[in-house]
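Two complexes follow with subunit A in common, the first pairing it with subunit B and the second with subunit C.
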Partner chain A sequence: MAIKNLLGSTRFEKYVAPYIFILPMLVGLFVFRLGPVVWSFLLSFQKYNPFQGGAWIGLQNYKELLQDKDFHQVFFNTLKFTLMYLPLGVISSLILAVLVNNKLKGIVIFRAIYFLPVISAVAAVGTIWAWLLNPLFGLVNYLIKAVFGIIGPEWLGSPKTALFTLVLVNIWLTMGYAMVIFLAGLQGVPQELLDAAWVDGAGKVKRFFRIVLPLLSPTTFFVIIITIIRSFQIFDLVYIMTAPAAGEGGAVGGPANSTNVLVISIFLNAFSFYRMGYGAAQAYVLFLMVAFITFFQFRFQKRWVHYQ
Partner chain B sequence: MISTRRKIKIFLGHSLHYLILTAIALTILVPFTWMLSTSLKGRGVLQEIPPRLIPEKFHWSNYKDVLLKYHFLRYSLNSIYVALMTGIGQLFTCSLAGFAFARLKFWGRDVLFALLLATMMIPLQVMIIPEFLIMMGLGWIDHPLFLALIVPSWLAGSFGTFMLRQFFMTVPTDLEDAGRIDGCTIFGIYWRIFLPLSLPSLATLFIFGVMSSWNDLLRPILYLSSQKRMTLTIGLAAFSRQYEVNENLKMAGSLFTLLPLLILYAFAQKYFVQGITLSGLKG
Partner chain C sequence: MKRLVFVALLALCAGLLFAGGSQGETAMAEKIELRYMMWDPQIIEKEQALAQKFHELNPNVSITVEGIAYAQFWEKIQAMAAAKTLPDVFWMAVDRVKDNQRMGALLDLQPYVDKLDKSNYFESVFNVLRAPNANGDMYAFPYAWVVCIFYYNMRLFDEAGLQYPPEKWTWDEMRNLAIKLTKDIDGDGNADQWGYWVKGRYTHTWSYVYNNGAQMVSDDFKRCLLDEGKGKEAMKFLADLVIKDKVSPTPAQTKGVSTFFTTGKIAMCTEGSWRIDTYRKSLADPFGITYLPLGPGSGGKYDSFGWPDSYAISAYTKHPDESWAWTEYMAGPGRPVDSVLGGKVSIWKKSALSDAWAEKNMLPENKDLVLKAGALIGKNVTFAPGWPEWSDQIAASDFDKILLGEGDFDTVMAEMTEKIDKVLARY
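This part shows the complex of A and B:
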């Protein structure tokens, strides 16, 4: 056994111990992360059914993606969802953050309430919202009738409104998350600057748009990026809310494919139709989209964002 | 005089502020309240117009039916088991790796750490198809010990590793040296000095692990198939999809799915917020 000097370490500690420390992580990194990334890429060039085996078909899956009308709609639905959710989600979280950025009595309780949906299981809140938004007997349409005297929309029941309904519920579900991030950003705005502007006669609104918002731009940029990436990946809510009753002919991604977004399509292809090669090709389209946004983040952060 | 006028102005401003805050809080709380209300109603009054907030008669039997007849008690036990295994196991694997990345020098360290960070940005969907095939190959689909849900979270906890590594970097070297002088081995330094110091970080990671596992939907859909092995989320989803199930029972099921985590949130709110904002992920 090697002799240990006062502050040094044995050979074992130097050459072997570190690898014992990281062994579990190392196994996971290769077996559950890097391996699958490569495997998925290889799958995307195959026709693969887990029970019948696979065959190499070259670029066939990607060609199909370009020609498949259903996939075009899926892609379009995903972009539509993102474009609706992004501005509404970011602005509502920012408003929330501004509203709770003070020391009023009881403000921490409001913060805790606004954050509540973020920790709640989507499986449960999706079920609850499906009930609230039931066109005939739901609370929401009852209130619309009572207050405005009109018949409320069909919400998830119609292809015209289903996707937007999901956007609204998703905002309810996630705005507390971005609120917390915005709040941290707001608390970093130096009080002296605001005081100086106040002395110069700038009103509340002017101070917000001329001082707070520019200083907040790194936070806003981060929130925008993460909101886009998450919109691309929306799954749970759509899965729960769009097939409330299989007996009524409801299908995941319905009605009429109007809420069939990218990850729903990957899921259906890979695990319902067992077209795993085609599913993997779609997953790589998603990968590409996320990689593009991430690249964009690193590349343009410095140019667009005002750092102090 | 002026000061009184200002006081009134401030008072009105605050009142308006509270009014807006309360209105938004209501939009968050009404769905939960409505769940509670519906869950106690009888089947006959679900389509009643106008709907009542407080049911005429409280049907506590809904809860009994959902828990026993519709297996939500079983689902709850399954969810608790998986969440605890995930939460606790992660503490060990992530802290071990985080310690090595922060405090030990070894060949390949920086490359491996960069790879770990890079994989955090890869969407789960890119990896899930092969992961499913691996689980199928291992015979872990519908496994009685839920290995397909637990093991990946132990071994691939990149967020936890990253978070603990960041924390371990801040621990002063003096403490490490003191441990050395007292004759600690490297494992002793990790176990007796670094772990006790990082209790708040470990609590954050534990809560985060429990929450992700509790709310997870995709993996239970893929890896659990028999009813007795379902967790709450997939159990509720499958239950709600049945045509003959009424809204009062669906709401009772939702209540049991939400309640344990809500109680935990009431006591450990700080750790929830920290874990979620640090990870940049939700669920």
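This part shows the complex of A and C:
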């Protein structure tokens, strides 16, 4: 009876019940998210391997990062990847969204086709692209030679082109996702504004740049943020397309370390070289990079993001 | 009276229950389940069949076979080791033995190995599995071994009217043959058939270091020796084949193709003996094998680079004896010869010296050369601690830099050595 009274009481419903409902989520958040965040921060000050535990070494891991030439290359590879992927990825997704934002018959099929790579397995996509882009036997270079009579680039084989090749494949892979977000934004642009501009004599291009693009800025802002975060966190595609076959030996992130990016380096140090502490320090460098850039984006969004 | 009968029945039932219970407990205690993990899910059914045979011979021991793809295998093992839930028996890569032993994940197998009749095994291979150094105990037990050998495409030699490589020969002879066999067939100004393939990976590079009388790291695992003397000479020889002589495709051209020899565009290459099986299946041309050419620093002494595939037993296993019994069975008469054909050699001599292994009706005609080359395996320094980092990541990556013309040989070799020294210093 007492329990029944308690369950039925307003105080219980107001102060206890909500917390019971969110408890599973809170447990998940603390155990699987915040716990590892704190734990990895502590790890970054230790020499740690999972078999023997850790030893506190202060800032030694961070000092080593500053002196490690290979890590410097990893850091700049990640920046380069982001600087190439961000504009190309956002612009191509926007163009694609504009193209599929019309009422042609069967346009839904095109939208689905462009979205397909997003739901494809990265392992399969990466493996197939690696074959297509093989410098000597790949279909892409075969077509380049057949059509233009020239020898195609070495794609993933050369340090000069490998990172850019990964950017291109990643754009192909993720373009559909940002396209859907842009499409939703485009369909939210009020038709009366476009009609009014048309009546005033504004052409298609002018309407796009003067009306559509500014009204789309909150969507663009969101797409830019997720694109930057995703590009800093790129891992699976790089791993699939650059890792040697099982037992072959050879480096991940090659050739010559040219595609070794932060998350690959974190993974290698923590799980292949048993250097959890050094890997954790690299993870915190990644965190600081993402946090710094996101902070500045939010800080300066007022200058170019227009909410209706 | 009724009460007495009831109590007696109750006592009888209880007695039966406990009697049954104790028998059940004994039976339960005798039933042992071992977990066995390997990294080739494609052969899991074959391994399960062997486990079933073992179970028939040892009815109290059941084996659960688990197959994890190689890419995830070591991460899984690491996580399980940290949680002390390692499988009882699992496949062990030779380059991981010392690291895993150092971390306390492996059972010392020496007490078991000491009781074995070693004459049944290729014992020279055992040393590579000792930890923490060549004088240590065995922390893994081999079931098969492989060795690096020299392959040549007979069609390309025949077309060029050249004699096949002999068993005893030199780097200069090899280079001269490679130059003659490199051709621009379609006349576009670029070679499309190459005399040799410098893959730049451990099978290629370290074989040449050894066959020039050098080694990659010092005996005490403290210093990298690649930037000095004969070791550097070997690396320079390989680099020159790509950069100066241009008798090998570059790593850029062969990116993503781990068996370039199967294209029929390569006249000669150095690879592990396990590739015999690959080339039989995938190379359209006949091929032969021979010893690697000797470098000027070798003093005429041939030094094979080879290693075993092995099993390890978890340091945390509750059933070490049964785990060893299963290991011994799989590394001995239990493993059928057809699971170690091609260029793999069973550690169990009866299997390796059998007609079935010799495969006399198949290429290469001189397959017994694998056995002779295997007898010359011995170095333990190859698999110094930290191998995945210093050999697979640093050396492979930096040597690629040289082969791709991205850095001056001397500068890159000095940088590579410095980085490897830092890795070795951590152990």
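Here, the second predicted complex is superposed on the first by the 272 of 308 C-alpha atoms of A that agree within 3 Å, B and C clash if a C-alpha of one lies under 4 Å from a C-alpha of the other, contacts with A are read in each partner's own complex, and residues count from 1 in each chain.
In this section, a contact is a pair of C-beta atoms (placed from the backbone, for glycine too) under 8 Å apart; a residue touches a chain by one contact, two chains touch by 3 or more.
The model shown is predicted, which means the values in this text are computed figures rather than measured ones.
Once chain A of one complex is fitted onto chain A of the other, the partner contacts of A:Q233 are limited to subunit B, with no touch recorded for subunit C. In the superposition on chain A, A:W131 contacts both subunit B and subunit C. When both complexes are overlaid on chain A, the residue A:Y274 reaches subunit C alone and has no touch with subunit B. In the superposed model, A:S40 lies in contact with subunit B only, and not with subunit C.
By the touch criterion defined above, A:E154 reaches subunit C but does not reach subunit B. In the superposition on chain A, A:A251 makes contact with subunit C only, while subunit B stays out of contact range.
When the two complexes are overlaid, the chain among subunit B and subunit C that reaches more residues of subunit A is B.
By the touch criterion defined above, A:V263 lies against subunit B but remains apart from subunit C after alignment on the C-alpha atoms of chain A. By the touch criterion defined above, A:A55 reaches neither subunit B nor subunit C. Of the two partner chains placed around the shared chain by superposition, subunit B and subunit C are both touched by A:A243. Residues common to the contacts of subunit A with subunit B and with subunit C across the two structures: 50, 130-131, 134, 136-137, 243-248, 271. Chain contact summary for the complex, subunit A toward subunit B: residues 6-7, 9, 13, 15, 17-19, 21-22, 24-29, 31-37, 39-40, 43, 50, 96, 99-100, 102, 104, 107, 110, 112-125, 127-132, 134, 136-137, 139, 142, 146, 172, 174, 177, 180-181, 184, 226, 229-230, 232-233, 235-236, 239-240, 243-248, 263, 266-267, 270-271, 276, 279-280, 283-284, 286-287, 290, 294.
Put simply, subunit C touches subunit A in their complex at residues 39, 69-71, 74-75, 78-79, 81-82, 93, 99, 103-105, 188, 190, 200-203, 249-258, 263, 386, 388-389, 391-394, 396-398, 400-401, 404, 406-407, 415, 419. Listed in rising order, the residues of subunit A touching subunit C in the complex are 49-52, 69-70, 130-131, 134-137, 151, 154-159, 243-257, 268, 271-274. Across the complex, subunit B meets subunit A through its residues 14, 17-18, 20-21, 24-25, 27-32, 34-35, 38, 46-47, 49-51, 92-94, 96-97, 99-101, 104-106, 109, 112, 115-116, 119, 121-134, 136, 152, 154-158, 161, 177, 180-181, 185-187, 190, 211, 214-215, 217-218, 221-222, 232-234, 236-237, 240-244, 247, 250-251, 253-255, 257-258, 261-262, 265, 269, 272-273, 276-277, 280, 282-283.
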